[in-house]
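Input: one structure, supplied below.
All chains are identified by letter, namely A, B, C and D, in their written order; residue positions are counted from 1 within each chain.
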Amino acid sequence: MTTLRVGVLGATGAVGQRLVAMLEHHPWFALAEVVASDRSAGRAYRDSVNWRLESPLPELAAGLPVKDLQAELECDLLLSALDASVAGAAEEAYAGAGFPVISNSRNHRMDEDVPLLIPEVNWEHVAALAWQQRQRGYGTGFIVTNPNCSTIGLVLALKPLQDAFGLKAVQVVTMQAISGAGLDGVSAGAIQDNVIPYIQGEEEKLEAEPRKILGTFAKGRFAAAEMVVSAQCNRVPVLDGHTESVSVQLAQSASWDEVAEAIRTFTAEPQRLQLPTAPARPLWLTAQGDRPQPRLDRNSGQGMTVVVGGLRPCPVLDWKFTVLSHNMVRGAAGAALLNAELLAAQGHLHPRG
Amino acid sequence: MTTLRVGVLGATGAVGQRLVAMLEHHPWFALAEVVASDRSAGRAYRDSVNWRLESPLPELAAGLPVKDLQAELECDLLLSALDASVAGAAEEAYAGAGFPVISNSRNHRMDEDVPLLIPEVNWEHVAALAWQQRQRGYGTGFIVTNPNCSTIGLVLALKPLQDAFGLKAVQVVTMQAISGAGLDGVSAGAIQDNVIPYIQGEEEKLEAEPRKILGTFAKGRFAAAEMVVSAQCNRVPVLDGHTESVSVQLAQSASWDEVAEAIRTFTAEPQRLQLPTAPARPLWLTAQGDRPQPRLDRNSGQGMTVVVGGLRPCPVLDWKFTVLSHNMVRGAAGAALLNAELLAAQGHLHPRG
Amino acid sequence: MTTLRVGVLGATGAVGQRLVAMLEHHPWFALAEVVASDRSAGRAYRDSVNWRLESPLPELAAGLPVKDLQAELECDLLLSALDASVAGAAEEAYAGAGFPVISNSRNHRMDEDVPLLIPEVNWEHVAALAWQQRQRGYGTGFIVTNPNCSTIGLVLALKPLQDAFGLKAVQVVTMQAISGAGLDGVSAGAIQDNVIPYIQGEEEKLEAEPRKILGTFAKGRFAAAEMVVSAQCNRVPVLDGHTESVSVQLAQSASWDEVAEAIRTFTAEPQRLQLPTAPARPLWLTAQGDRPQPRLDRNSGQGMTVVVGGLRPCPVLDWKFTVLSHNMVRGAAGAALLNAELLAAQGHLHPRG
Amino acid sequence: MTTLRVGVLGATGAVGQRLVAMLEHHPWFALAEVVASDRSAGRAYRDSVNWRLESPLPELAAGLPVKDLQAELECDLLLSALDASVAGAAEEAYAGAGFPVISNSRNHRMDEDVPLLIPEVNWEHVAALAWQQRQRGYGTGFIVTNPNCSTIGLVLALKPLQDAFGLKAVQVVTMQAISGAGLDGVSAGAIQDNVIPYIQGEEEKLEAEPRKILGTFAKGRFAAAEMVVSAQCNRVPVLDGHTESVSVQLAQSASWDEVAEAIRTFTAEPQRLQLPTAPARPLWLTAQGDRPQPRLDRNSGQGMTVVVGGLRPCPVLDWKFTVLSHNMVRGAAGAALLNAELLAAQGHLHPRG
């Protein structure tokens, strides 16, 4: 397999930095372009980025010139971590110019011809791409998105339950890390010694996205799953890792052992294809009663394993449990990267002339 | 009215310190005795307490000798913040010796003849005391308890909804402050940059206590309210103030305006009696979308007002909202003190010979 | 005494909010104007400010219209918490227009004709105002400044030592609160679980300002004190309260008792004049070995008392100790307000026509 | 080289856990015994330890039975992380029984015949062992210690300065992480939003240990270095990584370039011997003005590199700079392990019969 050249859009932001870090030793992809919408264009990446990761800035990336959104790009695919204020038009322009755009931005997630993709959950939705390209006249380009950072962990935990028992209703209360708001998105004066019970637009995403992802794509259209989701989103003073308290109502009754077994044994397409970023286990059911905890568990499976714990009966619905996922890895950079790997393995990505 | 002399049991702990502070300028009560179960007995209070409040240690308290649980006490009533490991037997012994014991400890809360009291919610439950004294042969003594710190805020917010519309089901996810675990109950290494999705015994209390409090006392017995509660309890790195994400199902449908109005206009017996520690408003419905927040709102009404925010429809049940209460004031020390004030106003407390 | 009408410049910022709060019940001053340099001008104060204090936004302030820097102002003096990017020119313009400007901004602190004033330390420097007005042609206006937030606590602790023993050298390492950087000046992603060993321009201020303040004003010029200061400034994850580890070399030797006595007995002009914001004791020497601590001691004397602790011999210089001051009260809003009170008591402030 | 079997004393504590983790893939050593002084003896390690590291508990360690201090041990050397309350006698007993004891505990550090060892700084002090064994009649056993966690980073940074220019005086103010106090040594209620300007016994260690380490061992005795150290120790809300603000006075003058060069080029015996835990660079001089920062830099060189930054002239002494070291790795577990590796490479460790 030829190494594919990757351009990262929004490379100086929090998710962009994670993408640059995760691409450093990637077996299939090589970082070729770093693009930023701000005034950093023109300088070397090392001089425009405020690097915040504990791992050092990769040598190769450090010297790349930062390009702006108008520049010519020499690469085979684009991973987009653009700010939502510019992502909408920019991603369409790149797709129109023939680039596969694998985006973490929210702008196109709910478009009627764009897959909202978690490879372990709805890899069949990739089928919508042919329809998207036809409809939009994109040629070789296309747009694929991954869900919001709080959606991914939840939906991964729900998937085996939906498959085995069906889902009728989901109550979810999130305790979200500050990194989800971007590099400097939450001030210390606002969040230290505090909880903020509101994140703009978050509950709407968390109530809508799971239904698209757990729904079907057939006969040229997406049909949402029938379950209903109620979300309450809180910001807490945690650096990385979204914790979610979840209650579910199942379509058919199940014992504790059956529910636990469904979660424990879950694997899917990325594990079968052995995608480089896919964890051996997408879900881990911990037996420790006081886990998962973000600081101790967020790096499970290099940040790609979602940890579930505290499975117990819910007096109001059927079952309650806690879900933890690394919002910057499984919930953002790793999500886009795993989507790119799935598309590569399926033959949707190619070297450009 | 004669000033009543108060003994504080467990006076060196986190709740005990709050009681000592709140009694400093109390119009009806005067601190007369400080009791501790540990090896601090015998020394002056200032030398045995690790004072952690921002307000200075009250002069009068500083010089009081700390007594142990066996000592003779010169006071008219006892406020108990004893550790649950000793509270059970000790409180019974004091009540048996003729002391009114107003306790924050969990041991006797669910006893069939002990009121679990929030003056704004179930002040009629005080009627159980006569029965308790008869049944236990207590003479002038008795035991009254207040609920768990996470229960009080929730039940205060539920009370006007139950009165106006009836309650069928409640889902609550808590984000609880570290002070709820006692002075040194949570280590920094455990909670910094973290969420712990488990608090021992907490969910059981939060699912049981509201039903007793919102139930009735009639014909010599407590009957629990019929609603069902599902609780998930999390510890977060917040110093004081429990935040709770709540969803409720009502017995009869109500509009947003009706629900908001019920919360907004709620007052009760302590406000009518103008009890010294009663806030002008037991509930405050904030219009700011990102409130209540523990650091900004926990001191509302000197820590006795419960702040409700984010009232909006719930796709799974009927309504969802956020509840915040100061766990050390409204949820503990202030709860016991308000109970004592109610009992004094009702004529249940008297100077002892 | 007639109540003087105060305008607050930079009223929506962190220091501006503190000023608005501290003016609410002031016996001499009444808030009359709120001015902000940003796009909030034109709206009511309640709608332009992101109020972050635990005390509620004062009723009177809430309804005031926010004016911009060009507007006509109806008031007798100005307290300035303007951002340094605009304070320089704006404060000069206001002084030129006849307003007494009492500023917390750094721009004019080291001007050769501007007092850098801490009323307890160098109230005689007010004498420079006549010279300033003559030199600048200001008429009734003038500019008075207070020092940087990290300077004030240090200099208050040094003053009795200088008076009693003389000072030759000072080593100071600061651990500064995040509020010192403004309302959203430090992002949670930067400071949580972290220390940042650099604050732009801070060490320079802390090495220069104490020498001006502890120096003299005579014969129309300021002469700096001869001591030398070495500063290292760190940001730590504390909301309010700057902690400083200090070592000093004295000009003449002194015993522990003599040093402690000098600190303990220190009072000055504001205490003699009983200025409303002056604490009974500007310095408090704590006997507790593990104090001062910012969370427990920052509100000493309503935030105006500087707490000193851990006085012990220094093997390299002479004495070492810890200094704590509330950076937003004693170090900023309270500093400006106390300066205004001193000037009022001295007859430098008058109602404007 | 034969693999040596290691016993870890105090294996369930914070440092003990680090040792167990660092031994997992060690090329020379294999974990053979886990010893704890508490009531956990008798159970499997996985059941007695409250594992707090992000890396999972090593499989091999999980199943080992925890032994008490009286048990027979099958191993070739002991790494001790015992609590100081028991380390003194226990380590002597093990050494008397023929075990090489490489200890992180403070008890024997200042003994006149015990090396206080940092392999990069004073590897020649190992020569004291022969004298120790003779004097104490230890046979094949001996005791080697590593310094206090706040000492190691400081001394590593001082070593090249002492070698090149000589040292006369050192002023150090520490901002120490909570993990330095042990697994649950600091409560969240004490340290959150706070600084504690006192750590018991810490300043004494930090003023005494560097003089022994930077001194000489000759003719059967240790002679302390002549420089004087003044220390002020603070606890800050940081999980791992001690930050230190340092000022030094040199014996001979040096330019910025000379000082920087001395730090930059420093390597020593462990690098020459390529000890497995030795970092390629024991010191890293960062050019970024706002570094080192504990959260971003503590894992430099797998936690074994000490990061120095902010080198600039000191107006009182000669030079000031910031030092950061990972208190649990370079400052504790890694320190003991590196000592063991040095001793192994020098031929002081052997398989026991």
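Quick notes
Simple rule for what comes next: contacts are C-beta pairs under 8 Å (C-beta built on N, C-alpha and C of every residue); 3 or more make two chains touch, one makes a residue touch a chain.
This one's a predicted model, so the numbers in the text were calculated from it and none came from an experiment.
More C-beta pairs in contact connect the chains of A-B than those of the other pair, out of A-D and A-B.
Work out the mean CA point of chain A and of chain C, and you get 48 Å between them. Per-chain CA centroids place chain A at a distance of 42 Å from chain B. For this pair, chain A with chain D, the centres built from the Cα atoms lie 41 Å apart. Residue positions 52, 192-193, 237, 239, 295-296 of chain B each touch two or more of the other chains.
In terms of which chains touch, the assembly is arranged so that all chains touch all other chains.
Within the complex formed with chain B, the residues of chain C that make contact are 52, 54, 192-193, 295-296, 299. Every residue of chain A that touches chain B in the complex is listed here, in rising order: 169-171, 173, 175, 192-198, 207, 228-230, 232, 234, 236-239, 243, 245, 247, 249, 289-296, 309-310, 314-317, 320, 322.
Residues of chain D touching chain B in their complex: 14, 52, 178-179, 183-193, 237, 239.
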